[in-house]
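In what comes next, chain A is part of two complexes: it sits with chain B in the first one and with chain C in the second one.
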Partner chain A sequence: MRASSSFGLRAGLAAFALLLAVPASLAQQPLKVGIVTFLSGPAAGPFGVPARNAAELTAELLNAGTVPAPYSQKGFGGTPIELVIIDEAGGPQKQVAEYRNLVPRVDIVIGYISSGDCLAIAPVAEEQKKLTVLFDCGTPRIFEDASYKYVFRTGPTGTMDNVSVALYLVERNPNVKSIAGLNQNYAWGQDSWADFENAMKTLKPGIEVKTSQMPKLFAGQFGAEITTLLGSGAEVIHSSMWGGDLEGLVLQGAPRGLFEKHKVVLSAGEPAINRLGTRIPDGTILGARGPFGPFAPDTDLARWLKTTYQDRYHIPPNYASFKMTQAILGVKAAYEKAKGSSNEAPDQDKIIAAFENLTFEGPGGPVKMALGKGHQAIMDAAVGTTKVEAGELKIVDIARYSADKVNPPDGVKSEVWIKSGLKK
Partner chain B sequence: MSSILPIAFDGITYASWLFLISAGLTLIYGVMRILNVAHGSLYALGAYAACSLAGAWLGGGLPAAGSFAMLLLAAVLVGSLVGPVIERGLLQWMYGKDEVVLVLITYAVFLIMEDVIKLVWGVDSLLLPEPYALPGNLQLGGLPYPVYNVLLIALALATGLALAWALYRTRQGKLLLAVIHDREMSMAMGINVSRVYLATFAVGATLAALGGAFTAPTIAVTPGIGVEVIVLAFAVVVIGGLGSLGGAALGALLVGLVRSATVRYWPEAELFSIYAVMALVLIARPKGLFAAQEARKI
Partner chain C sequence: MKAAIVAIASLAALTALALLAPQWLVFMAMLALAKGVVVLGLLVLMRTGLVSFGQGLYFGIGAYTAALLSHHLHVADAAVMLLAGAAAAGLMAALLGLLLAGYRDIFFAMLSLAFSMILYGVLVKSAALGSTDGFNLHARTFFGVALAPGVERRVFLIAGAVCAVVVALLAHRLLGGHWGRLSTGVRDNELRVAYLGASPYRVVYVNYLIAGAMAGLGGALAALAVGHVDPEMTYWTTSGEFVFIAILGGTQSILAPFVAASIFEALRTIASQYAPNVWQMSLGLAMLAIIMFLPAGLWTLAERRRRSA
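For the complex of A and B:
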């Protein structure tokens, strides 16, 4: 009797252990995706948190299989994805250390808003042999100054933004004679101004540059700069400012008539729409670093992102949100292309091979991995003008430029392409 | 001539803002020998509190002019509540330690307060543009300038004069000067140094918050604004001489005017100009323009 009872106990325990073990062996191991975006500091509000929100929403809806075609298959090729989110704040040196810590914990890394961080991370990604997808940073130097196997960027470069606003400006103001700039004094501001200035000189030879103001990043106060711009006599003022600096410029410039006296071009101004609304004066030319946010084409994917994001976060997705979702969908497209009809998960080299020169559909429209030997995306560009209608800020007179028209050919540096006449 | 007026007005406006922030920093250093890095967070806290209070005031449909009183109230609340909490809760246990240790402690407070601000107000920017736009513009040299800047200049002047009066013309001020001159001797003479420290820190914190509160309407209040300010304030205080109120005023004016002229004539060197002033002053006077002579103790 005792032996039988002991046997029963052991059998019961074995059955219980089996019950525990079976689901574990059957459960699919999720693909771990590292997400790096600003969760603190001045870039968190306009970019970092909207991007984080988009990542969480996209991952959740991909796993639920509710994203529109061609992304309706659950997760990546049927395998659920799990996000590991880390903060981009702290500067390139800290980010390199954070990246090295992240690499062993994840299968793929998607991230980086700051151009400085992207430039620092790309060679380390190569050294670590980890598929790393840059989603937002704008500097064209990543793939113009180097070549990478493991690094991709699914968002367009800053060159496209500034060439497209220059084209838009000249089409609408063909007699423009003078420009001035107000840009943040670091890589982004300097590169943006150089691209805009060179594009304007190409499109309107002999155009006069009245002044180029370069206040410190996050200075926040631009009293003396606005005075200089107001007194400069320039017809057009270009600014690639973002975040608090951009909002400060509008708050300080608008009451002083800066936007009435000059045609103001905000090449990366779109995220400010949600913050400033009707405080952005009528007639301001706005860009969104691509066809994102209010510039997105009317597709199922764009409508899906706008609706689900608005429902979840009660604010429209801005360009950072669009670009994060675009990066995740780009990796999914490459993963599923690499997997094909196989039941096996593709290895990293197969995903990379599938990603190179891939064309996929993003919430902002078609994305072609056409530059940097198939690692850098190009997209159509869109530019518009602000107008307050019925108490709401609208973007009107939207012009679209094909990707080929506003991006250099592969292998040609942006600066050389702009200076040589924007020719294909 | 046509450019002198704009340069002077922009320079004096910037100097007023710098003085409001630097005055508290130099006061705290002068009395307590603490280079208070948390001053930047108190500035940020003043700006955030101003957005909340004045925003609630305006949101309630109350007269817009009253929002100026809310800016003042925000500064006083931050200074009188948070200042004493930091001083009594932490700093009073650290007196007598090396100045470098105190810098590290206030840096820790700065980091903690940055996260507290993020927890309370989130990472999105806060906007309070009404007080800035309300008084309208005035014309100077053919260019429009916000009247708000004139108010800022007046506030800085009033603050500077009130501080000078309080320091040199009141009994409490003279007690404070005695503590600055010799802490041990002051204690021996029966001055309650602990209370002087508490009051000084609260006043210094209020000044930082005042700077933040009156800057809030001109900027987007975002995480990290305190970092930007503390570096500038240190530069001004070092130029003027650590612990000198007059030095802070002169340092602010010097930096403001040089920056304003640089923005006009050599914009690429804007950032460089501030630190060039500091370097030149320190070459000529290593302890700053108005550094107090230290009595040699035997």
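For the complex of A and C:
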């Protein structure tokens, strides 16, 4: 019987599934939290691994009860948490499969850096009725094109990154007349450039766009694009590059005077600080996708994350680390609010009700779940300028923008909001 | 006769699976079926001695056709999506086949790869289609019958099983008869086939067309299962995955692609769960082991057992 081997395999897998699906409802069983982040591929180095490190550190210290107030209670409401970590690499199709496999094994899922993965996972989370917290992906489309009950995002959208750098730029160079772009040719690069271009056109009507260079993702070599930019005569160059491409841009552009001749804006440049250090030329405008890393306000929570992370991994936490810790603390805040003073673990619906429109304290400052009917976070934005002082890279002239000023009101699409004048 | 029994048994087994298995297993089986259909098409093409490293082109066309129907034309019928996906891919294969059927070996493989990467490039540049992020699709009816939420994937799996069984039976008939021997002839000695009065160009063209349409059907099935399409589906790594599955299963049997695709999905999931840091290496080692110890694919195990029995 030729079909038997495939049927046998499936039957075996089915039996395996039943084993896994046995509810873990015994008292003091740890809460299982699925963590999905890049462990391999180009996004692992700048984002995925720093996020995983932050998740492991935060879970361990939460279980030990050594996190500063208001998170000093052990675990989530006294129940210890246990992480199940999987790799985000492999594309949305694989991620949907892995997500479905993960759902029966965990109580909550926290993860996803790639916007494509977030867009694919959100409807599946809704179908599976599993509380799922997106921590890093940037596209505003998730809660602007649909609405979800089980999906939350504790990191701000990409909209405010580019709106805040545009505000910063116009405040410091009120007479800016021309801009140009160098962005990776994929959704993140295209969206970032569109947001920046539209925000600049709104803030400075009549501004001239000299050129928009879109090399392919992970091209690594930007000789031709740098030549075009140098010859474009644009005052400002915007780039949302990250990872190896960003390092390539800085290392190839700086010796050719790109950073001296033009004001360069790196809207997601913060993770490169730890790798490039003083090789980032003075006067570069840097964003961190929110008040993270060196932009974090001076609070107990931020100091706690910076020192414990530095002690363990011998490198400062970057924005991906901050956002991961923020997501875990956000779930903890919602869980404990839902639990209240009762002794019983809250059910998922209660946690969701507590999470909607919640304001909680993250390592980067207050987080308001204000958009997407209370499911999408907004935060203050921070932008700064690089300066090498005594052989060390410093971020100076940091400006903060309140969350309402750099995010659209609930129910208004980011693109429309930027084009129609950034009004509240 | 024997083929019919296997077909009915497979259909019954898959229907039982669709009705009884947990959701995640239903999804994995659906994905395995979708990939199995694509690889079966590749198998038809491989009979002529040609390997396409660009089946992602048709896989992507099938998926995007289904998704665009849902997204832009508001057609939410799964059956329409499946048929349209296969038809659109078949149409493109009929066009490109005119050129590709004239090439052999590495030239054929590279040209097929190049066409799939052109589509990838176009999709990545299309901001209206979500660029690399892609977009969601929703199928709400099947042949006009509204699907209750929660059961739609079970219905899709049964539909996918019917598609797969029908396609597999057709491929079995095709390859088992005159056409199959002609295809093998083209692989072994093309000149001789031409001297005997048959057209190798036509054989390659028709097999390429079949492979393309089947990849389109597989793409539409995968899009229905995942509920999201993105350009990754047309990327060369996706095409490479189909070749991987074909080698994993071997090319001797019609069932091999489906068994191999199930094993591949299971292997990848187990590797992702238990070795999240080295899952790619685990897959690579499995591939190496198969090439070294079972050069004709996993199907040799079944053949060996049958011979010794």
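Here is the rule we go by: the second predicted complex is superposed on the first by the 397 of 424 C-alpha atoms of A that agree within 3 Å, B and C clash if a C-alpha of one lies under 4 Å from a C-alpha of the other, contacts with A are read in each partner's own complex, and residues count from 1 in each chain.
Basically, contacts are C-beta pairs under 8 Å (C-beta built on N, C-alpha and C of every residue); 3 or more make two chains touch, one makes a residue touch a chain.
The model shown is predicted, which means the values in this text are computed figures rather than measured ones.
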First, second, both or neither for A:185, with chain B first and chain C second: both
Partner chain in contact with A:252 - chain B first, chain C second, else both or neither: first
Which superposed partner A:219 touches (first chain B, second chain C, both, neither): first
Which superposed partner A:48 touches (first chain B, second chain C, both, neither): first
Which of chain B and chain C A:349 touches, first, second, both or neither: neither
Partner chain(s) touched by A:120 [first = chain B, second = chain C, both, neither]: second
Contacts of A:40 with chain B and chain C, given as first, second, both or neither: both
Touching partner for A:100 - first (chain B), second (chain C), both, neither: second
Intersection of chain A interface sets (partners chain B, chain C): 39-40, 185, 216
List of chain A residues in touch with chain C within their complex: 1-3, 5-7, 9-10, 13-14, 17-18, 21, 39-40, 85-87, 89, 91-94, 96-98, 100-101, 103-104, 115-116, 119-120, 123-124, 127-128, 139, 141, 146, 185-188, 190, 194, 216-217
List of chain B residues in touch with chain A within their complex: 3, 6-7, 9-11, 13-14, 17, 114-115, 118, 122-125, 127, 129, 132-133, 137, 142-146, 149, 215, 218-225, 227-228, 259-260, 263-264, 267-268, 270-271
Residues of chain C touching chain A in the complex: 6, 9-10, 13, 17, 20-25, 27-29, 31, 124-125, 127, 130-136, 138, 149-150, 222, 226-228, 230, 232-233, 235, 238, 253, 255, 258-259, 262-263, 265-266, 268-269, 272-273, 276-277, 279-280, 302
Contact set on chain A toward chain B in their complex: 39-42, 44-46, 48-49, 185, 211-216, 218-221, 223-225, 227-228, 230-231, 243-245, 247-248, 251-252, 255-257, 275-276, 279
